């Protein structure tokens, strides 16, 4: 029983971390339909900037805010320079964002050097609680809470405002949305910036979790985020949350019970979901 | 009567094509102006140019005394122009409700009153309130497109072929609605159904090959057999 | 039109001749190898374009077929005699394997729409990568293994010619393929699949056949790749290979066959050149940044790929009234 | 005469909404039947069921006495059920000529031919050009379909259907959005096809004058149900049809033209 | 005629000049006994970039040290060309061929990844040039894929494993292993298992984890349940399990952790493992010999106070090996001649004396049994020597 609880809690925490990763992509890829391969770059920048602010100020909170700010600024630059010319064209998006991904990753090395950098859990979040054989790691609990907060905030915004609808409408027919009096370019810009901020936030939260940041960290995690967005259902926050937790739990159980398949677990999960539910688990509908 | 919209000798290029080659007309407040012309004449492009979707390379569009020729589309729309495009422009993955919600510029009581009015006009929309726009029938889409434009308090409405695909009885309702709207709104209409056009139109502009070739009072046109035969193939 | 057609062919023929005499005039082995590499990746990129450019399906799993070819050839040359016969046999076996696998995977996955299909192919090829990693008795996993190439290829020039011939043959075959009535239906599928179906074409068949053709050709390029390295490891199955194919196709121009070849050339050459610069000029130490910038500039200045955009410009100059007709395929 | 198409209890539900409800209908070959009914009555859905685009929840379609239940849209087209679409549905980035040529290619059953250049099939191109002229699109052969005006796209749609040369033609509002001047020409095309006496035509239209002019019979769909099926005169005299569908406009309409 | 050919020579050197990092005067090339060219393949960009740079710096220093600063051996000028493999086998082959064909190098050195190295091995044999493998670790390089032109100054996985076992294994000791689920991990564990069992230890559980995973707790959980005395970790790459090992309080639960000490940047993330006992390939304070003293001093002087790292001495050793061998053949760079003198050759390196074993050309070398300690003024845990593991002690099985 303790074992099951342990596996579940850890799976949940990993899932939440993956959700945070995927949440930005849910906006950018799921909602805005931009195949942003530079997402991992934004994530890595968030991690580096966050750790930098954190080390400089000694406050993890400032680190987090610094990361979010970096995400917002980078999101602004990325949208204006890279994404604006290629809305609606997936083929061009792949090329230009992959190029930008290379630039972002290498620039990290220019700024902070090519070596990995240690990231520590702030003392008030370090350590764990033990209840018998059940071990609750504080930082993981923190991640779970942040995940739910992010989910709540964004779900609220999307439910209560027209933004989600406008973005989806804009993806289908940009001209028509403008003809209805909406400055869709600005909406896209803001949503993209929000997505980048989320990417950066997940980056800085990831850093102490694994204890290390490195320039190449982005790409692997971005693929995971794409997987989650697709199996969760494009543009659906509940979908992403559910899928992320599914991935987290599957990984946790699989590594314990069927270790031979643990390398393949994400891919298997995605294949199974897509074959039986080709549109993903949820849809963007309210 | 005051001129609300004035289109002066506009030329529009799409890609390397010179589509509009001199369109001029005006729409006076409280009137229905009809654009007529055969397929491919440039009627739709004229409306799009007014909306800023295919901006004019030459000429001016004056709305309410202001030059809106080079303004971005959303500014033009927010200035009080509603648009019902010819291909309806329904957001297929959004429900009828969501389509309406996106369209509603200001969510005040007046807007909801207008919404109630259009829903009475097109009860089908009420029935299918939660249905995806993409799953509506052709005529229902047309209704939704109009409802989206009617729900806002616009000074000017640009309507591209509203009667297309509608059952005769609904066409009649649309005509009533337009006549009703006329009290508060100016309307520019593109319409192939000459019976409808002639019944609700106050004046007309005839477009051929991207140019204005004729304009005047609708009442005149009804009796001008020659123009009707030459440009409209009727009579 | 006929005229244009022949000019095109003449131009291509000249390039092939230049490439064919190249090794005799230049004794630079770096170039021979670099060109060989470009030829091999051109074949891969062309095969990818059959999917992306002609049928309109984005696959993130193309590397699996490349890997199948590479492994089949490597394993057979290692386990049997390193002779030309075995080499050819291994290419055929690799192609058969790729055909079989792409056929079944196609049936299974091609019903899915855009993103979902792309991600499913990513999943399937991810599973193949895990298989290659785990089946160590045969693949030696991530470390990989070396093997002997047939004696005939000891001279790299011979191998250069073999790849050049393969490239030309594949190009000619694929050109036929995409310009055939069958190929035109593929384009129709790309444009509007549902409409194609209602015209009475069974689009699933078309997509499956396209993916089999693409898979088989990718397998061929994989076989050649393995022999060019005399080494194989799991990197042949990774996402990197798929992305390479994808980038080459897009940079060169989707929906043309010359495009992927140009793309392969551009990417390999700039990479080579930039990494060369890194040795001389410290600011190029981070040459990958410049490489990334090239992708970005490519999209901005060649929105339809190099070949696509150039061709469009040429058309525009020639005729003001007649827009680019897509049936005018190279 | 054995009916060429027959439906038995044909029904489809979307969620809770029954779009086509227990329709039993049949029509003899070489006959032109119009379908009318209010918006959302289920006309297009009925077409979709005939052509196989949608699968019925209940009931079946019979073509020449053969059940179509197991046949896909592709197979039905090949058997001889061709259709046009209400919402313009063409290949947007291909030229007009190529759009039509593809349809001709399907008719000619050149499906899996991979070894010859498509331009070698001259007769295909010639035939496509002929059809383009027939629907008054000549001069626009090399225009990209997405750049056509709405009316022009409708004509292209018709040309593509004609190119399929199927025994049964399902026409969904072929003249919607077409200018007054050109409606008669398209009418003419349909009339000519009818006169050849080879085709069976089902026509959805809202233009009553056109329907009366062309139809051998008219069927009325109402809320998914078959309300009436009979000669034009019978239908015009039907009160329900008058009230629910035509309204007052129709009389004036006739009176003025 | 004579002057003409001189011109030819000169201009060709001119052309190559930009690609040489060690400049060479034109007279030297043409007038004296010729040049020795060495091509170094390393990952100078990408994830392994820091390894590549360490090798490069070490190699430069090594040449200087071995030639006494003259950069000449047996009267021949040494020229080095560095190429970036980008950690892609096809690029490695491309660059290696360029080195062999165009630069006509006499030696190859490299590279940072086992994959790149394996892909290049056949070329060394084809061109009959000596290749010094540094720092790639895969056993198969001097094992199943061996060819006589390959010599390795780097330690291999088996040596790591033997050292790892020597540090902790003993009769009755229960050990769990934890490694990434790919060749590197499998090889490492297999070798470790054998070595540990030879020393009388018992392997109670072998866990392999997805190297890209975000969460390793399931695997670690299983290890905790197996109640071993030690957990031996074979790991590489930035995404590491150290934090989670600490989170799960394994050490508090009585499971001692042991692993190989990595390079300094990676050490900085091993804070949670302070106190662990394991082995090290190199840390600048571990070896006690003149060569290392020189290396540390020069390295600091040259790279603003930085100390040499994990693979710097490897690069240096490779350079020393080449110079020694050339001294023995009197400047003859013929591959087959060199094999004869290099087999069994011993040479002094920063890590003490290395010997190329005649059978498989693997350099036998000293490794170090260490403990990680926190030291004042150092921002990362420092490997502190417990004892040297002599070359004999860490000798791996012959596998070719």
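Here the chain labels run A, B, C, D and E in written order, and each chain numbers its own residues starting at 1.
In this section, a contact is a pair of C-beta atoms (placed from the backbone, for glycine too) under 8 Å apart; a residue touches a chain by one contact, two chains touch by 3 or more.
Just so we're clear, the structure is a prediction, and the values are computed from it rather than from any experiment.
The set of chains in contact with subunit D as well as subunit E comprises C.
Chain centres were defined as the mean of their Cα atoms; on that basis the chain farthest from subunit B turns out to be E.
Here the spacing of subunit B and subunit D, counted between their Cα centres, is 28 Å. Distance from the subunit B centre to the subunit E centre is 75 Å, each centre being the mean of its Cα atoms.
Note on chain placement: the centre of subunit A and the centre of subunit B lie 44 Å apart, centres being C-alpha means.
Computed centre separation for the pair subunit A/subunit D is 49 angstrom, with centres defined by C-alpha atoms. Multi-chain contact residues of subunit A (touching two or more other chains) are listed as 109, 263. Residue positions of subunit B touching 2 or more other chains, listed in rising order: 15. Looking at subunit C, residues 133, 286, 288, 323 sit in touch with two or more other chains. Against subunit D, in their complex, subunit C makes its touches with residues 176-177, 179-185, 187-188, 191-192, 194-203, 205, 209, 322-327.
Every residue of subunit A that touches subunit B in the complex is listed here, in rising order: 162, 165-166, 168-169, 172-173, 175-184, 284-285. Interface residues of subunit C facing subunit E in the complex, by the touch rule stated above, are 28-30, 33-34, 37, 133, 136, 140-146, 148, 154, 156, 225, 228-231, 233-235, 240, 272, 275-276, 278-280, 285-288. Put simply, subunit B touches subunit D in their complex at residues 14-15, 17, 37-41, 44, 86-87, 124, 128, 131, 135-140, 142-143, 161, 164-172, 192, 194-195, 231-234. Per the touch definition, subunit A reaches subunit C in the complex via residues 82, 85-86, 89-92, 94-96, 98-103, 105-107, 109-110, 223, 226-227, 230-231, 234, 260, 263-264, 266-268, 270-271, 274-275, 278-280.
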